[in-house]
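Paired with chain B in one complex and with chain C in the other, chain A is shared by the two complexes that follow.
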Partner chain A sequence: MAGLLRRLLALVPVLLGVTLASFLLTWLLPGDPAVFFANSVTADAATVAALRAKMGLDLPLWQQFLAYLAQLARGDLGQSIQTGQPVAADLLQRLPASAELTLAALGAALLLALPLGIAAALRPGSVIDHACRVLSVAGVALPSFVTGLLLIYVFYFHLGLAPEPIGRLDPFAIPPPRVTGFLLPDTLLAGDGAGFLAAARQLVLPAATMALFALAPLARMTRAAMLDVLGSDFIRAARAHGLRRRRIVLSYALRNALLPVVTTLGMVFSSMLGANVLVERVFAWPGIGSYALDALLGLDYAPVQGFMLVMAGLLVGVNLLVDLLCAIIDPRSGLLRDA
Partner chain B sequence: MMQRRDVAKLAAWMGLSGGLSALPLRRAQAQSRAESLRVLTEGAPNSFDPIGPGVNRYAIELHWNAYDRLLRFGTVERPDGTLSYDYFTLEGELAERWEVSEGGRAITLFLRPDARFHDGSPVTAEDVKWSLDRMVSLPIGRAQFATGSMTGTEQFTVLDARSIRITTPRPDRFTLPNLALAQPVIFNARIARAHATEADPWAAEWLRTNVAGGGAFRLDSHTPGQSLLLSRNDEWKSGPLPAFRRVLWQVVPSAQSRRISLERGDADLVQDLLPQDAVSMREEGKVKVVGVPMTGAFHFIGMNNALPPFDNVKVRQAIAYALPYRQMFEAALFSRGAPLFGGTAGEAEGTLFPQPLGYDTDPARARALLAEAGLPDGFETTFSFDLSLATVAEPVALLVQEALGKAGIRVTINKVPGGQLGTLLEKKAVPFFYESSAAYLAPADYFFRIFYHGPTRWNFGSYDNAEFKALVERTRFLPEGAEYDADVKRMIALAKQEVPIILLWQPALDTGMQKNVEGYKYLFHRMLDMRTLKRS
Partner chain C sequence: MRSPLALAAGLILAPLIFCALFGLWLVPYDPIATQAGMALHPPSAAHWFGTDQLGRDVFSRVVVAARLDLGIAFVAVLLSLALGAVLGAAMGYFQGWLDAVAGRVTDVLMAFPLFMLAMVLVGALGPSATAVVCATAAVNLPFYIRLARAEASIRRHLGYVEAARVGGSGHGRILRVFLLPNILPPLLVQASVNLGWAVLNTAGLSFLGLGIRAPAPEWGIMVAEGAQFVISGRWWIAAFPGLALMLAVLGFNLLGDALREVVDPRRRG
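Presenting the complex of A and B:
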């Protein structure tokens, strides 16, 4: 437990560092927000100066940073100019949307990648191994907006099976009372079966698009790790002792092969959560990736800083979770060793 | 927030009940569907305050329809039958009439007696005064109103409950048109004042996220960045009652997704079509595509006239002759728009500007001019464009690079990350670049005053010619007439001969809609007027 506590304490300097880094990075960007936001053609130097003063950009850098820290201490991430909303409200609205999509996609990818990777490792060079390779290559090679548009074209435009690919709920549905911000649990908590189905239907295509992308690293990693483990001495020993094949593969080999898979899973999750801008765009999904990118392109720095802060916090959390999982899978390594 | 019943009603209206309303009657649905409009756009409004910092163009779409102004521009029919605003006629919106007196220095506006805000309270001259005062008291509003000689609150005087006088130091052609722009909306001052604070006397914080007006539509609900629901203000008196009772406006960032939704029949009207989509949708003919060249808007190639070699007029002309205009127009815009190349060279063709500059592709002449400029072997330069304009700017940049390369000018392309070109232009640090801009008021002298004059970044060429400068300043308060026309023609001739920036084209504003949606009207701000639309 001491290890766990140490890890949690280590969060403090990490987040402080991220705060400073995100502040300095946005300051280093060459664009001048006051100029950018004085975007009316009648704006002259006086207009720009007035805006700069209003946004506090005329203060010395250290004062701006102190003001930012004071603001953070109050739990205020600032105001987004691009959306006109407080950054904290925006992130609170969008993070669950991204997380729900990512978790659904990751779940689907995992359900497909694990059996596929295991089967491919058990019979290297077989048809299923090739199928695994083709699917992985296609998943990585096809940009996700192409896959997304293709799925929309087939399932919405032609077959009419999928709902209109716009957002998390169809525009006429009433959103459930917000408990978690995740629509699937929230609709269930509200006892709204139809709402659950509607939300799930909206989720299928974007999740499938993302799952295809996440499939490749997971399936390849499972296959490689399984191959490695299956060739090791203790598996040979288990075979020699005449243990059942099923037991060898699932209990001995898979458990040992899971370590790198779980580590990859953490990495894939983090990158999918914040960087799936294209899928979010194509499906008009109100996620945080496109939010942060729009803010960056629009020289709207408060959301960028807020996004970096929240993502850093999440990343640390995910890493912690991955380490914990690894410790459970293999007690010799990881966090709980000295527990 | 919306009530469950409202949603069900709306869903029934849209003919998309999906089990929400128990027994949807087909005929009732058909009737009410005719009264609802579903609009998809690329972006969402970031403010409901027309003069907040960084207010985006989607904000205009909201406040244009949710607020009234004192005046509005008239309507003309374009040759293809599309409606368009007419800068040269003004009509009353909240003002039923106006009088100009004191040799043009005083304008008295008389409000409609029956005009009411959304909360039912009458629109009074006090509300108008507060709203106009607010314009001149906040930086972005003041900069705009200054173009119409309105700079101080003392210029707006309440005469009685329904009339207000605007006085200007000199008669100014631009005072009245300024009142018809998108920005000077009339607020319900009683409500707005209640939300003002000492630090924020003009309620900027509150009006950013709230509507306090009396326009043709009310804002019923708003999910930031995702959707807005508007309903018709049945008590609206400032014009013919809009045909649509409800407008559901949703944000769909991907152009392909918007197009698919329109073609599948789920959306009624889709804004921000890409030029290539406009071309192919028009060919397929499943939906209606209306394309109007954006008056006042222009794409251009800028040259910093203060930096060598662009300080030499022969170099600028050489580049203007070297550009492959037609290829650029086809590659970048699929020829959707009005060309500003070709046309009469060296002299004005009428008094409207932008107009074609009189340059066309002529490589031999370009080389000759370069030799005359003392640069027979060309020179090296960088060509910058903002990545947010990449779909149009990238093909342009490549063609510029290729064509100028043949004339000996070695061009390095510099892609500036989104939003940062403005900062570089403000510092006058870019020699050669691609940009676009637009002016809301149509007269040529206004255009020149912004884009060919002064120290701001909007003088994209950093053009500084003593004669031109004198003409710009002289025409500022010159009334329309022969003298004004002669001065404008001289300025146009100079803009053509000295070519401080090379105008390329006015892009088309392409909007897709179902065939039964009619009454689309093109406006100077290029956003949707929901008030004139109807379903046939």
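Presenting the complex of A and C:
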């Protein structure tokens, strides 16, 4: 466990740095929050100065940072000017929308990319292999906001299969009682089959957009890793021993090929978090990405800070998870080695 | 460079770069002039890519936009390549406190999703092409620093560097003459793949209303403006700039793959 402990300890300076970075960045943002809170641009200088003193904005920067840290330690991310709510509550309310979208997309991408990559590696030069290569070259070049619009044009305007891209639910539908905040499980828990279908229909296009975006690097890496492993000595030995092909591919080769795929998965997840904002904007999806964008455009400090912290925290957590998965897949290296 | 990848990259990139350099003087219509009577016409012989909601010629706008999108990407990537190479090489060569401090900073920068960091930086710097360039360069800097640092720290004890030191070369000369030219090839591969990303990033930011502002012809803005008309079936306003954007990214990615084959022959095939 010493390796794991060291890895966890190494997170402390990064998390502290992330906090400092998001503090400094929003300090750089234009606009004076005291003027916003004074509720008018024409408020006289004395009122604004009094507000600045009250909000601690006249203190030296390092004291402001310490105050910010103390505030964070209480779980307080500040107050949004635009929604008038605590940022933590706002983020918690919107996080499930983003998470449901991202996880559905990631799941779909994995379900397609793994078999595709494996099939391509098993028959190099075949039609599947060429399809996989074209997809992985072209897929990386697809801007997610353009793919999203293309899907809307084909599936909503032309075929009429998809619902209007206006968020998670029809505005006239009654949302299910909130249990997890994820609409698919919530509608099922409420026994609302029609609601489940409606929510799923809204989810398909944005999730497909994000999945297309994630598919290419995953398929490419799966193919490359499988090709690598299938050419190695232990696979030849397994073949020579007359093991079943299925067993060789799925349990011998795949497990060894998974390591680079899992590492890629971490990178893909990171870029999906970024692309989230774009996809949410295209589909009017009420997630944390569009929340942060509105705040950024409206010069609203606290939500942007909170969003940055949540994103960095998620990413740090995912990278830790990737390292752990790698250690489980290949116990010779990684965190659990000296366990 | 006789690989099919390089050929494909050249075929895609050459016309785009031509548009960026000379498009301004070749397009049939003024890319900014509005014509109220001509709004929302589908593609025709007079307007190859149709007209947008203000009657502007989409073809002219797509061609002229190459200048802004490719220009921003080039400058941003050049900036982070230059800064990253020097800083990373110095970190790898000297190690010590510079390495420790700059290493921590890059760790923190890399803890954020790239696009999100670029968003907030542009928000902080204000809406301008310069802001987009700076944000894109800053966000990519850690990757160049890491690569340059790794390459330089492998080489600092190699024979030719030792020989240069014995021969009386100072640190500055060793870095400039012996290390930087040698670590450049892998950095250039990184840069060409990065160019595609930088174009996507620029367009993505202006799609969100950050960075470049309308009415400047820019692919991201054009897709954003066309987005509202896609639902009613008027696809051409968003589709053509989207296609141009896709081709640009594809071209740079192929170029990166082709360069990688040259630089790293082990991965050929």
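The criterion applied here is as follows: the second predicted complex is superposed on the first by the 277 of 339 C-alpha atoms of A that agree within 3 Å, B and C clash if a C-alpha of one lies under 4 Å from a C-alpha of the other, contacts with A are read in each partner's own complex, and residues count from 1 in each chain.
Keep this in mind: a residue touches a chain if its C-beta (ideal position, glycine included) is under 8 Å from a C-beta of that chain, and two chains touch if they have at least 3 such contacts.
Bear in mind the structure is a predicted one, so any value in this text is a computation, not a measurement.
J.: After the superposition on A, what does A:45 contact: first (chain B), second (chain C), both or neither?
T.: After superposing on A, A:45 lies in contact with chain B but is clear of chain C.
J.: Regarding the shared-chain residue A:283, is it in contact with chain B (first), chain C (second), both, or neither?
T.: It touches chain B, and chain C stays clear.
J.: Touch test for A:54: chain B only (first), chain C only (second), both, or neither?
T.: The answer is first: A:54 touches chain B but not chain C.
J.: Give one of first, second, both or neither to describe whether A:84 is in contact with chain B, with chain C, with both, or with none.
T.: first
J.: Going by the contact rule set out at the top, does A:170 touch chain B (first), chain C (second), both, or neither?
T.: First partner only, chain B.
J.: Comparing chain B against chain C, which has contacts with more of the residues in chain A?
T.: Chain A has more residues touched by B than by the other partner.
J.: Between chain B and chain C, whom does A:273 touch in the aligned arrangement: first, second, both, or neither?
T.: second
J.: Please indicate which partner A:194 is in contact with in the superposed arrangement: first for chain B, second for chain C, both, or neither.
T.: After superposing on A, A:194 lies in contact with chain B but is clear of chain C.
J.: With both complexes superposed on chain A, which partner does A:298 reach: first (chain B), second (chain C), both or neither?
T.: It touches chain B, and chain C stays clear.
J.: Now for A:140: first (chain B), second (chain C), both, or neither, which partner does it touch?
T.: So A:140 only meets chain C here.
J.: What residues on chain A does chain C touch that chain B touches too?
T.: 29-30, 145, 149, 152-153, 156-157, 164-165, 281-282, 296-297
J.: Which residues, counting only chain B, touch chain A once they are in their complex?
T.: Residue list for chain B touching chain A: 2, 4, 7, 10-11, 14, 16-20, 38, 40, 44-48, 52-54, 56, 139-140, 142-144, 146-147, 208-209, 224-227, 248, 250-254, 256-257, 260-261, 263-264, 266, 387-388, 417-420, 422-424, 426, 437-439, 450-451, 454-458.
J.: Given the complex with chain C, which residues does chain A contribute to the contact?
T.: The touching residues are 13-14, 17-18, 20-21, 25-26, 28-30, 137-138, 140-143, 145-146, 149-150, 152-153, 156-158, 164-165, 270-271, 273-275, 277-278, 281-282, 292-293, 296-297, 304, 307-308, 311-312, 315-316.
J.: Using the touch definition from the top, list the residues of chain A that touch chain B in their complex.
T.: 29-33, 35-48, 50-51, 54-55, 80-85, 90, 93, 145, 149, 152-153, 156-157, 164-167, 170-174, 194, 198, 280-284, 286, 290-291, 296-300
J.: Please output the residues of chain C touching chain A within their complex, sorted ascending.
T.: It is residues 104-105, 107-109, 111-116, 119-121, 123-126, 196, 200, 203-204, 207-210, 223, 226-227, 230-233, 235, 238-239, 242-243, 245-247, 249-250, 253-254, 257 of chain C that touch chain A.
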